[in-house]
Structures are given as C-alpha cells and as structure tokens.
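The following pair of complexes shares a single chain, chain A, combined with chain B in the former and chain C in the latter.
Our next item is the complex of A and B:
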C-alpha cells in the first residue's frame, strides 16, 4: 500500500542531543522537567539505551535555544552532556499504523535524494524524520513522488502552532 | 460487540485520531477518520456518520466553523457533534477554549487532554 493521508513539515527547530551514562538515569527526567518548567514544547523526542549509555534526541523551537542554554548553565552535569544542531525540521508522514513498508520506502527515497536524516521516530499514528530545515520542501516533494497522498489533504506547512500555557513569545536566538 | 453506528474522528493530530479510533473500534463502533475540517466535511457528505468527534484547532476549517455549518444544514443537523476542547486553565490566552466552545452548537464537549474512559462515557451518553 503506497497511500498516505498526508504529510506535515515543521518550522525551523533546534536539535538537542543529550548523552548520559546508564547510571545517570535521573538526568533525562531532570532535563525534561527543566524544559517543561519553562513551557518549552518538544515536538520530537526519542531516546535509546546503548552499551555506552542513554542517547536522547529532542527538537525544540529554534528560538528557544538560548533559553535552554541558559537553563542548562545552572546544571553543569546536563550542560556538558548537551549538543546542539541548528536548522533542522520535521517531516511527518501519516498515518503510519506500523507499516514497515512505509518506513522502508520513505527512508530509501530520502537516501536516494541525498537527504541527511538526523533522527527518526514512529508513533501510533505517524512516522517522523528530522531533516535539514532548508531541505524540507525537497523532502516533501520526494515523498509526494514516492507515495500517493489520498484525498483532499491539508497544506503541508502548519497554519498555526500550539504552545503550552501562555502566549509568551520565545526569546530570539543570540 | 458490534455496532452499526459510524463515528467520524476529526483531528489534525494523527496520534490522537489513531488512539481514539482504536478505542472506539475496540468497543464495536465503525470509525472513519479525517485530518482537517475540509476533509471532514467531504467525509460527512459521502458517509453520513451518526456522530462526529471534532477537534477545534485544525487547518483550513476549524472545528467551530464546521460544527456550525453542520448544525445549520438540514441534511446534517441531526449528526451528534462532540467538540474536543482544551480546558480553559490549560490554555488561558487562546481563543480556543472550553468557554468559547460553549458558544457553538455542539451537542457535548470532551475535554483535552483526553481521558479515553471519559470519552467513551460521553460517546455512549450521546448516542
């Protein structure tokens, strides 16, 4: 089955990688609490346990990077384990419904188009890739060539964003 | 248990659509899915569901607009509309709140974040 119902591309985001050793299992919850306490949304989060520790990848609004760095400056253990990559974005295909074929075809298409994949994750309803933000439109075109997007679908770019709590604007990056 | 009632689940969040649909299907309901208000309107005309579970914030046509269009259309006004609305405390400064939702013609409201047990009670109460 090569049909999908739609795809979404995000705004510009910052990728934050956090590498902690297995014995530091409390650091990831501490990191998440810091972000939640400042009402910073994470539109993407994946974590994996490997032999050398726990690797966490999350994406936040690029405008939040300065705030995150400031929050982590008061947490030296977290600060030294965090790495940042600017200028990424999300490409989301849906529905996913555990279709391995969807994953395989989309990943192969991205590779054939020479599009770098920083991270990926699947959920109950969607399959999401973290890509170079500047390449998102190209990636969307690649997916349109790879899959038939059925029906009367919505625009790929979000018409609005949802943030936690108040309508306070994030600080701009320095 | 099988049920011939068709419920259309409409939300631009594919994970919410899937999780709600799976729960409804597990209770024996027939389920259709749409991911924005315009697509939902097409599905309503094609499939004439008995109930809509309808998000508010969606691209192209939001849930308030769609709900009011349905309720003002003689062919579709009998469709039960359950509006998914975030409680006011969670989104104090947006226009999409439970209080605003009450100004629509929806039959009932399901608070977000969704408790699936609560959702099922509201669905069964309204069918």
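Our next item is the complex of A and C:
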C-alpha cells in the first residue's frame, strides 16, 4: 500500500468554468482582474489551450458566488462564457512525490466509488481534486482505505482562513 | 507576517482567535524554476471509463516515471481532459502502457514536444486574492502563448511553447520580488 502523509479538505466552494475562443485570449486575464478587484480569491485555477479555445476551471469561496455572478453579469462577454457549479470542494493529498502510481490509484478509487472529478491538479507537493462538496468526507474515507497515512493522521479541515486586506502597512515611527 | 490579538467582535463570534496581518508589495516568491525539452501528453478520458484508465496509469512502475505536472478538467461532454507534463522518454512508457491496456487510447492522445515549464511558489499564494491577476499582468501579451497554467495550493505552473520560457521568466522576475 502506498503511503501519504495527509489529506486536507476545503470549505464549500463554487466552481466556475470559462470557455473562450482562442482569439479571445484576453478574457481570462480580464476575468482574473475582475475577481482581484473585488478581493475574490481563487484557491484553484486550471486553464488549458485546446483546439477549440481556452478551457478554464476555477474555484472561489461559496460565499462569493452571488458576487461573482453579479460582477460577470456586468461583463456580457464573460457572462455568456461562464458556467457555475455550486457545492464543490477540494480534497488534497500530500505528498505526491511526483508518482504516477499515486495519481492512478487515487483516481481509480474515486471512480470506483462513483465520485465525480470536476478537475484535478498537482502542485509542488500535493495532488488536489475538485469534487462534490457533499461527498468530500466519503472521498476522504476512500483515500484512507486506499493509502496508508503515515502517523495515522485524520483528514483535516482548515481551522482558519486567510483574508487579505487592502490597507497599506502603517508607517513605522522611528 | 505579524500576529495581533483580534479586536474584531465579528471575528470573535466566529471563534477566530488570531488576526494575521500580511503586508507585501510587490508580491514575493521563493524563485522561479525553468525546465525545458519536456513533453505534454494530453488524453481525453471517456466519461464511462475513468477506472480502467486510472488502473492503466496505476500499473506503471514508478521508477523513473515521474511527472512534473498533472492537471485535468471535466469537458462539456463530461470527459476528463488530462494533461501530463514529463520528460519525453517517461511519457513514451506511459503512452505504451495505456495503449497496451486500452487499444483505443491512441485516438485520444495528443503529444506536444518540446514545451517549456516555469514554476514558482510563494507565501499563502493559495489563500490570497490577486495572485493570478498579478501573474497575468506581469506576463502581458506573453500570456497569449500559454499552453496551460495551473494555480493550486501555493504553486503556479506555466507551460509554454519552445523558446518562450526565458523571456517569460524575465517578465515575472521584474514583477515579483525574490527576497535575499
């Protein structure tokens, strides 16, 4: 059995998919700018140029869903290219050690448990799946059955969130 | 980073004990890594066969078969578009294994070679708004060249066509700050 060191479960997120034509390559930067301007974080973003255009999947905090829809409704070009799926979440396994076996095993386990994978990406040390939020605990249990978690760590949910402000750093008095 | 006691009643009501303030301008990164002469293998995995495909991938002896980046998105037709970035020879063994187990796989494979990769990480990138925007603004019109990009956890991966990584890295280095 393969070993991993841990699993992490996110809070509830909203998935946004954008499909733009290749000649509209400026739309994704415009989308990112729009979200940044409203202080909306994207904990997951994956985009790929394909023959029929640029396909993007991103996740935002579920609490931002209404705001993001309102923002995009004011941008007709983006609005008509965006699709939303609410109630998704991230399941992160770490470390992946760049091993294909670990990816294959985890994907197979999710498929056999009928857990739909909306998106997936590796990062420097972790493998992150975007799944149905209501199924995250089940997915974590599937992974615990599939991998030996070193140190017997339980899957954990973030106990704090980082919210970035826009205040400038106060000047220090000498 | 500086920690200060919470004085925000709403934060206290949510059980939050600490407010962390983070000031950073420009955005810091730990440095850029560039890897060239890579192969990008793209598979479109049928919606009804993910377990079979995953089993074929799983059966690969890990050994030298290591990936630099994996990403996937569900397509409009509910197929899983999988991208695997690796050394070319490692991709060949993967393709051979999948082809042996799934005869129709060849029709669903697209290989792009050579491609180049830039990846970097930074503090709390995954928790902060504006990181993707900052990256795209740094790239300017070079973002048109991107074959794929992944922002996950605290990492950013940019896949570029041959010959594009060095100038892209220069643009990023001009925008981000590398301490020390």
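One rule holds for everything that comes next: the second predicted complex is superposed on the first by the 160 of 174 C-alpha atoms of A that agree within 3 Å, B and C clash if a C-alpha of one lies under 4 Å from a C-alpha of the other, contacts with A are read in each partner's own complex, and residues count from 1 in each chain.
The working rule: a contact is a pair of C-beta atoms (placed from the backbone, for glycine too) under 8 Å apart; a residue touches a chain by one contact, two chains touch by 3 or more.
From a predicted model like this one, the values you see are computed outputs, not experimental measurements.
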{"item": "First (chain B), second (chain C), both or neither touched by A:138", "value": "neither"}
{"item": "Partner chain(s) touched by A:121 [first = chain B, second = chain C, both, neither]", "value": "second"}
{"item": "Partner chain(s) touched by A:46 [first = chain B, second = chain C, both, neither]", "value": "second"}
{"item": "Contacts of A:6 with chain B and chain C, given as first, second, both or neither", "value": "first"}
{"item": "Comparison of chain B and chain C by chain A residues contacted", "value": "C"}
{"item": "Contacts of A:155 with chain B and chain C, given as first, second, both or neither", "value": "first"}
{"item": "Which superposed partner A:69 touches (first chain B, second chain C, both, neither)", "value": "neither"}
{"item": "Intersection of the chain A residues that touch chain B with those that touch chain C", "value": "92, 123-126, 160, 162, 165"}
{"item": "Contact footprint of chain A on chain B as seen in their complex", "value": "12-19, 22, 33, 35-36, 38-39, 42, 57-60, 91-94"}
{"item": "Chain A - residues contacting chain C, complex", "value": "17, 19, 25, 28-29, 32-33, 35-36, 39-50, 55, 57, 92, 98-101, 103-105, 107-108, 110-112, 116-128, 160-162, 164-165, 168-169"}
{"item": "Residue numbers on chain C that touch chain A, as the complex places them", "value": "16, 18, 20-23, 42, 50-51, 53-60, 62, 65-76, 80-81, 83, 94, 119, 121, 124, 126-130, 132-134, 136-137, 143-144, 146-155, 157"}
{"item": "For the chain A and chain B complex, residues of the former touching the latter", "value": "5-6, 92, 94-97, 123-126, 151-155, 158-160, 162, 165-167"}
